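The same chain A turns up in both complexes below, where it pairs with chain B and then with chain C.
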Partner chain A sequence: MRVEALDRAGRSDRLHGRWMGLLAMLTLLVPLLLIGELLVDGLPALGADFLLSAPTDAGLGGGIGSVLVSTLWVLAVCLGVVLPLGLGCALFLVEHVRAGSRLERALQLTLDVLGGVPSIVFGLFGNRFFAVELGLGFSILSGGLTLACMVLPLFIRAAEQSLRQCPTGYRQAAAALALSRWGFARRILLPTAAPGIALGVVLASGRALAETAVLLFTAGYVTRWPGSWFDSGRTLAVHIYDLAMNVSGGSTNAAATALVLLVLAIGIQALAVALGRISRGVSA
Partner chain B sequence: MSPASISFRRPSADRLLYRALAVSAGAVAAILALILVYLTAASASLLFADAGLWRLDWHPSLGAYGLLAMLVGSLTVSALALLFAVPPGLVLAIWGRFFAPPWLGGLYRGAMGLLASIPSVVYGFWGLVTLVPWLNRWAPPGASLLAAALVLALMILPILVLQADLALDEARRRHLPAAMALGASVSGTVRRVLLPTAAPELLPAVLLQLGRALGETMAVLMVAGNVVQLPATITSPIRTLTANIALEMAYASGAHQTALFASGWLLLVLVTLIMLGARAMAGRFGAGPAGEGRGDAR
Partner chain C sequence: MKLVPRNLFFVVTLVAALFAAGCSRQSGEHLVLTGSSTIAPLATVLAERFEAAHPGVKVDVQAGGSARGVADVRQGLANIGMVSRALKADEGDLVADTIAQDGIAMIVHRDNPVAALTREQIIAIYTGKLRDWKAVGGTDAPITVVNKAEGRSTLELFLSHLKLEAPAIRADVVIGDNQQGIKTVAGNPQAIGYVSIGTAEYEAGRGTPVRLLPLDGVEPSTATVAAGRFPLSRPLNLVHRGELSGIARDFVAFARSPQVNDLVTGQYFVPPAVR
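Up next is the complex of A and B:
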């Protein structure tokens, strides 16, 4: 009787396993279609020339060279702000705020709320604050700064997590050796947490690279080669949006640009997975 | 012993360090405060006056700034996207953890991680060139509430699967051996034991995705058709609050711009309330802060 029940259980499990597996494979089919579609549409247009020349004729001709450069500039500004500010905030949380204190709860709440703010709202804020109030106009600088506000919580969480993984024993040993907190942070804490912090940087750049709505009215749409921080420049994601929505016949170049963005995004994700593994390995 | 309570020697460099760290933490808090202040200030003249923001007609050239139709659009499309994404998301997480061979499950989670990293504008572009023409064949105009909900569902599915997987894995470690020892089937255990155990963590994860869907701009903007109206059927085009801001901010001025800031304010408040709800729920059930899984999942 009991064996019979077990047998029935096994049979129902096999059945469930089968239809779920089928659904899983079917779901995976959709993104494969997506990537296939991009490859078919975009690959013919993609070449060294496409990557190096500036767009002409609203993006219908030419390539994405200047767009790539603007994207890198925006990313550099963003990371240049996020790295010191985020690391400072994460260190403050780990080193100076007692777990469970009111200050800790307030800071965590701030990070959660900031992390949940919709990207378009960051765009509105950046437009009003950086572009208008601080007089930066539509520029790479205001785009990068607004983006920095958006990815800060993500980076701080990652950095905080890896800083907390530093064994208490290291801390006690450092205190016993009469190291200063600064010495401890610089010589022991930051090196041990480095892979986790690198993971934070990678996650933040992935998020920043994917962002469009924030940059529409902060970094602007200009397709020229950017001369300085104060020039407007469009990023890859904005370029895809503009080509697909506002330029008729632009979908070939949009697909090619999307392919470039996709390769970058997936490369960054793969890097994040590898770093995550290293970071966990160090702490274990 | 918490890290903050270990006492170090305190030379002057440490006082400087403390100040620098405190300032950077303060700056992060200041960013949030600035966002709230600037958005509220920029939309105050319409928001706190009876300016007809809660009406249906949006005709900026005539001075009618009703946000209601777009608010309904935002809410419907997000709710529909969750409806499309949550059941398969749960099934996929369960399959990957309990029914697939371990190597295949791991591979599947890796694939979900990759999908989660695809930019939303790429999803939107795919929707525009593939999904919309396809829907157009049997339900013109194609660009519609349904198209937007499908693209959104596709976009939130990977993270949903990963978060459900985390919650289920936790439950599995606690209860699966006992259930197996009783001779229960895996499917029965999942349904009767593991899903109820994991529910307190699943619910906040779903709520967070609702917030994400509400705040998403590009994917929706590119496939929803962007007609300001209450959706009569699932195939009629709609415009969401986020899409409206992205479309009109470029040329808006005066009261029109104020109305756009007011819709941004509305979005901010809505999404923050949802986030706080998710947080409170996760906190009450004794789980970690709701935001924690988000960083890992990206």
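Up next is the complex of A and C:
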């Protein structure tokens, strides 16, 4: 009797296992379908020429060279602002603010509110503040700074979490060795948190790369090769949106551009993971 | 020791500031156009050709909607606005120059015996109240309703002309661009759809089995669209306020000249009749 019940339980467990496996396979199917569709639509248009030349004929001809460069510039400006500011803020939150204090609660609330603001609001703010009030116009700088405002809370949260995961033992050992607070942060805390911080960079740049509305209002729509960061420059996501929605017959190049964007995002992820691993290796 | 990183931070900031000052904006004439995302691709190719003919001049095109074009011109943020409709009564402070017409035609398969549809019939078909060709004088066959995907400017024009809301449409097939619309209708004798009139006329003339339906008694052709008589059309305007600067005046004149007709038709628009 009991054995039979156990057998039944075992069988239902196996059945459940199979169901879960099937569901997992289905989730795997989604990225496969997505990439397959992009490959079928976009691969014929993809080539060295496509990557190196500027778009002509509203994106139907030429390539995406200038768009790719603009995207990298915008991303560089964004990360250049977010990394020092975000790390500083996360270190301050972890190292200098007493948990539960009024300051801590105020900062956390601000971050939560900022993190929940829809991106289009940042777009309008960036257009008003950076492009109009500060006179930066539609430019790579406006776009990068607006994106920085948008992804800052996301990055601070990720960095803060990985900093908090540093074992208390390390802290106590550092204190016992009379290590200065900064020395501890630089030599021990930051290297141990590096993989988490790298993940923060991936999340931040992923969100920045995906953004269209924000950049349409700030970095702009111009497909010329950017000469300086005061020039307007179209990013990959904006280019895809425009080709898919406003240009008749643009779907092939839109798919090819999407493939490039996908490769770029995966590349950044691989780079960040590798960097995180290296900096941890150095500390050990 | 403790001060070192702080100094480093200042140095980095200083270098960044110097770098920023170093690549200041280049001199030379600079023209900014903002507005309708329907016109933006056309304006981009116009700007490309204009820049090639006028070395040292930069024409920046920014998309963001017709309303934005009007607002930016009023605030002086843009030299020229792009507005994909006729100016409204309260926009009398602006001057509009039409650079192209955007027209759409209702198309059916060439073998479809229905010669014309009234506005009410089209509304009934697209809202799913009329599902059979027999009811409008055709063969006894169900109607395949072909609609454009959300966000397309042709869909907007179609909806605003028939005073319909997007959720009211009951479509059997949703298509992306004009070519897809032509292919869908050409391959299905029971289909009805709408595409850019330039494309439809070109394809019908080339022997593709599609037929353009007249609307409110007006012949569907690029000629009636260009003349502004075809009801399902709208002007694509460049708007400005007050006197235009030399280079801006040149650009508007260039955009209206016959030498850019190929660019206008290349974007499936119709060049205006009076040039």
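Side notes on the structure shown:
The rule we apply is simple: the second predicted complex is superposed on the first by the 229 of 284 C-alpha atoms of A that agree within 3 Å, B and C clash if a C-alpha of one lies under 4 Å from a C-alpha of the other, contacts with A are read in each partner's own complex, and residues count from 1 in each chain.
To be clear about the criterion, contacts are C-beta pairs under 8 Å (C-beta built on N, C-alpha and C of every residue); 3 or more make two chains touch, one makes a residue touch a chain.
All of these numbers come straight from a predicted model, not from anything done at the bench.
Annotation: superposed three-chain arrangement on chain A; chain B versus chain C shows a clash.
After overlaying the two complexes on the shared chain, residue contacts for A:Trp229 are found with chain C alone; chain B is out of touch.
Touch criterion met: A:Asp57 reaches chain C, while chain B stays clear of it.
In the superposition on chain A, A:Ser180 makes contact with both chain B and chain C. Within the superposed three-chain model, A:Asp49 lies out of touch with both chain B and chain C [touch as defined at top].
More residues of chain A are in touch with B than with the other of chain B and chain C. After overlaying the two complexes on the shared chain, residue contacts for A:Val247 are found with chain C alone; chain B is out of touch. Look at A:Thr110: by the touch rule set out above, it reaches chain B but stays clear of chain C.
Residue contacts after overlaying the shared chain place A:Phe125 against chain B, while chain C stays out of touching range. Here chain C runs into chain B after the superposition, and of 131-139, 167-175, 203-211 or 239-247 the stretch doing so is 167-175.
Overlap of the chain B and chain C contact sets on chain A: residues 84, 180, 182, 216-217, 244-245, 251. On chain B, the positions that touch chain A within their shared complex are 1-11, 13-14, 16-18, 20-25, 27-29, 31-32, 34-35, 38-39, 42, 88, 91-92, 94-96, 99-100, 108, 110-111, 113-126, 128-130, 154, 157, 183-188, 208, 211, 214-218, 221-222, 242, 245-246, 249-250, 260-261, 264, 267-268, 271-272, 274-276, 279, 289-292, 294-295, 298. On chain A, the positions that touch chain B within their shared complex are 2, 5-6, 8-10, 12-13, 16-17, 20-21, 23-24, 27-28, 30-31, 33-34, 37-38, 41, 84-89, 91-99, 106-125, 127-129, 133, 149, 152-154, 156-158, 161, 164, 166, 168, 171-172, 174-175, 178-182, 184-185, 203, 206-207, 209-213, 216-217, 237, 240-241, 244-245, 251, 254-255, 258, 261-262, 265-266, 268-270, 273. Across the interface of their complex, chain C is touched by residues 56-59, 80, 84, 132, 137-138, 141, 180, 182, 186, 216-217, 220-224, 227-230, 232, 242, 244-251 of chain A. Only residues 1-2, 5, 9, 12, 16, 20, 23-26, 32, 37-38, 40-42, 44-45, 48, 58, 60-64, 77, 151-153, 176-179, 196, 199, 266-268 of chain C touch chain A when the two sit together in their complex.
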